[in-house]
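Written out below as structure tokens is the structure these notes cover.
Chain nomenclature is as follows: A, B and C, assigned in order of appearance, with residue numbering initiated at 1 for each chain independently.
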């Protein structure tokens, strides 16, 4: 730690060293781009939980839901991408009734997913207790691994999943309160985590991300209302956030993502917002949602003109823009940030606007605490 | 029991008119089922889910069946399908559940817990002589079949149907023996009315289980039903009917019609299942010389919006129904509702005939019972749509 | 089963949803009065956390869905340490019967349920005041169409007929006056389901749409607003009897004893409509203590009680929770969706052939599962202290452990006749677990088990 910095909520006594590879940024803000998906507009886009940004530019969205009038869980992958008319989409794979998943007739409860450079999707299922793999083009199941249990390397309600630089797979076991590293074929390499609310302990962790700059792991420590950063060997490096709904505070954060500049996005699920922190864990900004009607939404209303009249009687349509239980955030190229607005059956897409500064473009950091400058 | 047992070949069956009601749940898009392709407005409103003329199975110059309905078209061509266009009820409700309630209770204005088929069963079997006068296939008893104090049986699937089914083999048989003794009504010394009632109900249920479980025993057929749940339900209905158990009212359900999205593929799949299952069902009955004893009503709780939403269609009103059977005078009934914007009701086709008119026709002309108390009023019937069964 | 435990089990069945044998032990050790006092004071205990429930059932946990509200409620019935507030919510839900078939909005149904739960042990006056401001109720009975210039009587009529006094205690003029008093009581426009989903509505009072003219209601004349009408309603003797009869049928017996109803009605007046005091009076009365197994369990009581006994769904991660309210619906009681504003027909009408098959099969499946935690617990309790047991002893022990199910002699001999174990069984081995499960399955299939 070389700079004197203001004390921020939740910052640990030994903050993660932000100096080094992270660029200095001139932050301009975020621009809302579009909402993908539409409640009831497509047979497949229902109860989105997470997405993976494919190498082909498609977003692969895990949907988990029940059919109307049924209590039987269903799930499916739907892929979606923006196009000139708003977006296009189709169902990649129904995850119920996959015959290739030996002994598993169905994946009733998928949680999170990721995709490798070859286009293989990796998916966790918290009741089947496995990681399933799908070919993103054909939608075919291509394998699965994982054994249920409470020991290291065993799965117990697996949730967050992410690939590191070597394309090894990190999987969160929510009910084991652990994070484990596996080869792509499911061989256990190592892992860490123990239950508790002390520093470095975890309670029902959910999402996980790899910082592409330092290859450190950020874990959404869901029931402790914080995000913790660990080294790949499980050493605690940083604590971000604390319980609450104030600036930078969290209420059951479910997803975490780190962009190419080390910025940390947190799906602050039960606060119905997404938070942005810089690599030092300083709270920068919160997103409450800016969704606009996309072309599908407009078509929907055109087919239901009495709804248009009803909307005129609604005092404040702003509610419609807001997140409801955003579960996950994923980073795309060119500054795109995809926020999975689970309760609203859509993905809100933002673009981060900033400029990276060279060392000669920024004043010595001590100046930052000069109160006369504010 | 008012009827003799049969062994599946129909020879010992008492000939009685039987009604099968097939519910399409979710709001079937009638506009894409019987398609008004002759009206250019159809293609204006159905830009993305519209079905092109060359794909349709034309009935006349105005309307054609959905391409997945080849078997039903063939039944239609044989004169065995009545299509009731523009069916509905006043002040349409676009909630699935409320609208289904209305169809089930024949009561559009007030809430009621009495099903129209429950009342029908009571009328057909007032002394409750046959515990299987009404049999529903599907998950749970539909409200249409429910009337407090009137027995009606709910079967998910015939093979797994039973009492104490979680127990295995010997143990289940022992448990059923115990059950039989436990539920004997007069065993209780205290004259507890409720205990008596539960006892009688328990024994009725057990009797129904025994009857229905035995239904497939003597059954054989060259018809091979598809494996989907609807086909299996109709197969079960055929088995129960051919066994001569005296069931007069059957119910089956087929879900998935709520095509807000992905309509084209979804509707094609659903209607190909219905079309094949209905054909196989009647072919099976015909093979057993029983096809003229059964009439089937196919309905859905509502139709859908006239204008599509870009990927599907949303809840609307004013739909259509089908009546199928050898005693049906096939053809188109009532007018196809106008698609002109000025004639639409809040973006839907306006209904032109009350569904209770079809119910009344079925009750009066087919089952031979007075319809008015069952459908809560007097409704215009479709004269000549049904010829009574000659016993 | 000794009398103390039998009485405590009775209390826990009625003021709650049944209990495991160890729950009964603990309550019996604390004593009837202390147990009752805790039941009457739910605020002494935490409600079960629901974050894990939503976390592990995300295929259902769409706030939009009324089914999710029913699933959560079922979970609370199983796990809450404040069961009486859930039981009171169930009582009032059956009386002020509102169904999502019409309301459709899950958040509105959830809020109504919470209102009933939070006020169900409070003052009846407050309950009616909150009910009259509840958006789900407003929409269910068309209150939003009740305007000063165009009176819609639906809510005004049902408030008198079904929610307080009962038919025969007021005139058509009173109905009209009541409806006029509630003109202008409406709600904000709900955002339509398309394209992004519902938002809940809030109650609003529109002074400009309220009929401010003089009204005569139940013999009193004044410039009444809705709360004034409620004030008059709650002090009517007919209301006292109505509330008393509903409580009697929900907590005492299906067959109503009018003398005992009158005692409860007197308590309602005596305690100033405070339902907590009324409920204490009921649970302390001799007629309550003697009314064992005099009510047919409602389907949700049947399902929840059976699941509690089997020890299942204590863990929010356990799958298929949604099956429970679905099964209750198949047995004739769909939570948050009663068939009509009259609620469900209870007592013997819960038992119909299709429904009874579901009940018997469900109880036999759950209680016959020797791997279920609650069944294993019962086996281990029977095992402790015994090296062997006769079939008869085993059956009696199981009936006692299952809350003291009072098997008729003919039922008992029917079961004994068919048990796999006919002689002595050794208690140490796994065959005991199996025999316990078999006996419990048959108890669950019995007529007697249908009663609470």
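Here is the rule we use: a residue touches a chain if its C-beta (ideal position, glycine included) is under 8 Å from a C-beta of that chain, and two chains touch if they have at least 3 such contacts.
Worth saying up front: this structure is predicted, and the values here are computed from it rather than measured.
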| said: So with touch defined the way it is at the top, what topology do the chains form here? Options are line, ring, star, complete, other. | reply: complete
| request: Taking CA centroids for every chain, report which one is farthest away from chain B. | output: A
| field | Computed distance of Cα centres, chain C from chain A, in Å | value | 40
| Which whole number of Å gives the spacing of the CA centres of chain A and chain B? | 46
| message | Centroid from C-alpha atoms only, then distance chain B to chain C, rounded to Å. What do you get? | response | 34
| Which chain C residues sit where two or more other chains touch them? | 194
| Where chain A touches two or more other chains, by residue | 40-41, 296, 300, 304
| message | I need the residues of chain B touching at least two other chains; which ones are they? | response | 314
| query | If you look only at chain C, which of its residues touch chain B in the complex? | reply | 99-102, 104, 194, 254, 296, 329-330, 337, 339-341, 345, 347-349, 351-358, 360-361, 364-365, 368-369, 408, 410-411, 413-415, 417-420, 438, 441-442, 445-447, 450
| Okay, in this complex, where on chain B does chain C touch? | 93, 95, 97-98, 101, 110-113, 131, 136, 139-141, 143, 146, 148-149, 151-154, 163-167, 171, 174-175, 177-179, 181-184, 187-188, 193-195, 197-199, 201-202, 204-205, 208-209, 314
| said: Residue numbers of chain C touching chain A in their complex, please. | reply: 51-52, 55-56, 58-60, 62-64, 67, 188-197, 199, 317, 319, 322-323, 325-326
| said: Looking at the complex, which residues from chain A come into contact with chain B? | reply: 40-45, 67-70, 91, 295-296, 299-300, 302-306
| List of chain B residues in touch with chain A within their complex | 25-26, 96, 255-256, 258-262, 265-266, 305, 307-314, 346-347
